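Each of the next two complexes has chain A plus one more chain, namely chain B in the first and chain C in the second.
== the complex of A and B ==
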């Protein structure tokens, strides 16, 4: 199977994720869109790493670290969203302008 | 007339599933269902990683990403009073997710015996992680520990 097709798939997933981030105002919905972009990036990383067996372990190591950091990032953003919901009662990003001081 | 390559069929099925699920992540009106569809995107991606010759990464993606990160989002939504509503198609979606999980696990286990063009070995991955990327590994571990502390703090509901 050509790596070319995997890269096209990751490009389409990236486009869907960017559309979600741009068009939505809900924090959780934007986080989910960012996760779609993360999946696309991971797919392209591993597709390119599989081209050469010398880069394969390096790509794998980077993917393991990226997945771990992504799990941590999800925790941070969800915590912020819960805090925002408790303080303002909404998840609208436009309300974030009022978080001062 | 010869049968098509099973890898091509699995790639096509996974690609269509990833595309449809990611579109539903953006477009579905319920956030709970969007998070559920994100887990299906993760499962489809794990199948693709396995096809590329990275079965260990596929298992890691299933365990850490789908099993922890997406589940964390789902449970957190309950704390925001977003109660999941049961829709008629839920059983079909659940059954398809079950079939997908069986598919990805069987693909991973079968690829061990096959001879793909590229195959990432467990020994090579661990040695490169410990020898070259030890600092990044420590940072990732600290970040995950931070997430654990956040989850405990949120569970206390005294913030």
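== the complex of A and C ==
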């Protein structure tokens, strides 16, 4: 039953990530919080997959697919952050509103 | 049927990957025309799938009439967006990438509508999501930067929650096929419900369901209206498709929690969207809030999926509501981008007298807004009152009542726009011209909204069920 410990850890990581996304304003910090949630998801995916010998390899394959595809998302967000830093000189999402008419 | 899907991948994927290269090598802009041709071909290929039912690619995809119908609507929407973009995106330095991304994300939308396996779900979701962040920010100016950063941050959160939901749900059912979801051990219901909650949050982020809506007014209200028409008209279908494929099989095992959760979200979403739209002065932001309200109407139909007796009606309601929504949103946002190109300011005061100088475009815009409002005999009336609200009558009559009240509230702002467009003196003499593609897009969407409402609803229901 030690899989429950992993599930509890994953729930804790989920809470940490949601707290980070709600409370932080920096683009990179928000991205890192979302990545913490993503890794919590992978942890619970793999720990649940380890329970069943038939589903185990399938769960592992799902995890590998998810990891490789999330790299694309991170790439796009980091390039947006670079663009934002060039245009505004800051990474603070609240600063974006200042120029609104 | 596998050949048709392979042909679709070839028709959309090859130009999607090659267009920026071709334009770079030739030094000319042929990409819009290639894209128009590709979407038209895809439309023709999809018509061969109408009414077919099959599981293909060893269980990775499953075809059914409703999904084929939704893909047809998505393709029609993309075709209209590309048609309208001909004069608008001409001067953008990044326009070949725009067309390439439109084709690739359309392909992703097909896969999400036909998905039957968790790995396809994750992969297609990532394809559409990444493409949509770039589409929103493709102009690289200050407004689209803000919209794109917000969209991307909320999007990556939504993808993470999707993986979390998939992990919990498939950990319970021990398989990666979506059709295995129905066989759940009864003692695992709570885990399944938790997974479903995470998935609802992930899909709610994309649909703009309250309380996951915070990004939507800034993105739909701040980005270029042409790009918004694609994001709101076509990309939004992915969350509806995923709802139907992933959450539909587990509604029965979850039980009553489903009705409570989704009905509550639906009530919040409808009230928030409609009330917040009432106080907007910028028409584009107002239409962004109206998108939130429309997501609430979709959730009414999703609530009705719970009872097996009303499930068929609810599925038809979703199909028809998607028709209304895509035609109206694509038409309205393209109409707004047309007005912006003609030099109008997109505030209520700026649109004074538009209906008097640009007679056809103005009347088509008014028809589309009346359709969203639910006025007979337009398609919006049939989809909203005769299908969506009727489908939930057995299960939760109070939800139908709330929906009707909200339709009443929404008259306030749609009619306000129409009033400013018609009952005020025109500020300048901008004239519409028969050479503008946006004019034809407005004409097609407005006429389709009218003609379909005038008696073709029965035929549509036959196609999609």
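Some observations on this one:
Going forward, the second predicted complex is superposed on the first by the 93 of 101 C-alpha atoms of A that agree within 3 Å, B and C clash if a C-alpha of one lies under 4 Å from a C-alpha of the other, contacts with A are read in each partner's own complex, and residues count from 1 in each chain.
In this section, a contact is a pair of C-beta atoms (placed from the backbone, for glycine too) under 8 Å apart; a residue touches a chain by one contact, two chains touch by 3 or more.
Remember, it's a predicted structure, so these values are computed and weren't measured experimentally.
Considered on the superposed chain A, chain B and chain C are sterically compatible, since they fit side by side. Of the two partner chains placed by superposition, only chain C is touched by A:44; chain B is not. By the touch criterion defined above, A:83 lies against chain B and chain C together after alignment on the C-alpha atoms of chain A. Between chain B and chain C, the partner in contact with more residues of chain A is B. When the shared chain is aligned, chain C comes close enough to touch A:54, but chain B does not. In the overlay built on the shared chain, the residue A:30 is in contact with chain C alone; chain B does not reach it. Shared-chain residue A:17: touches chain B and chain C both.
In the superposition on chain A, contact of A:93 is made with chain C only, not with chain B.
Chain B and chain C never share a C-alpha pair closer than 5 Å once the two structures are laid over each other. Within chain A, the residues touched by chain B in the first complex and by chain C in the second are 17, 31, 35, 42, 49, 58-59, 61-62, 65, 69-70, 72-74, 76, 81, 83.
Within the complex formed with chain A, the chain C residues making contact are 118-119, 122-123, 126, 129-130, 133-134, 137, 140, 142, 145-146, 148-150, 152-153, 155-157, 159-161, 163-164, 166-168, 170-172, 174-176.
Listing the residues of chain A that touch chain C in their complex gives 14, 17, 21, 27, 30-31, 34-35, 37-38, 40-42, 44-45, 48-49, 51-52, 54-55, 58-59, 61-62, 65-66, 69-70, 72-74, 76-77, 80-81, 83-84, 87-88, 93, 96-97, 99.
Those residues of chain A that touch chain B in the shared complex are 1, 3, 5-6, 9, 12-13, 16-17, 19-20, 23-24, 26, 28-29, 31-33, 35-36, 39, 42-43, 46-47, 49-50, 53, 56-65, 67-76, 78-79, 81-83, 85-86, 91. Within the complex, the chain B residues that touch chain A are 5, 7-8, 11, 15, 18-19, 22-23, 25-26, 31, 34-35, 38, 41-42, 45, 48-49, 51-54, 56-57, 60-61, 64-65, 68-70, 72-73, 76-77, 79-80, 118, 120, 124-125, 127-129, 132-133, 136-137, 139-141, 143-144, 146-147, 150-151, 153-154, 159.
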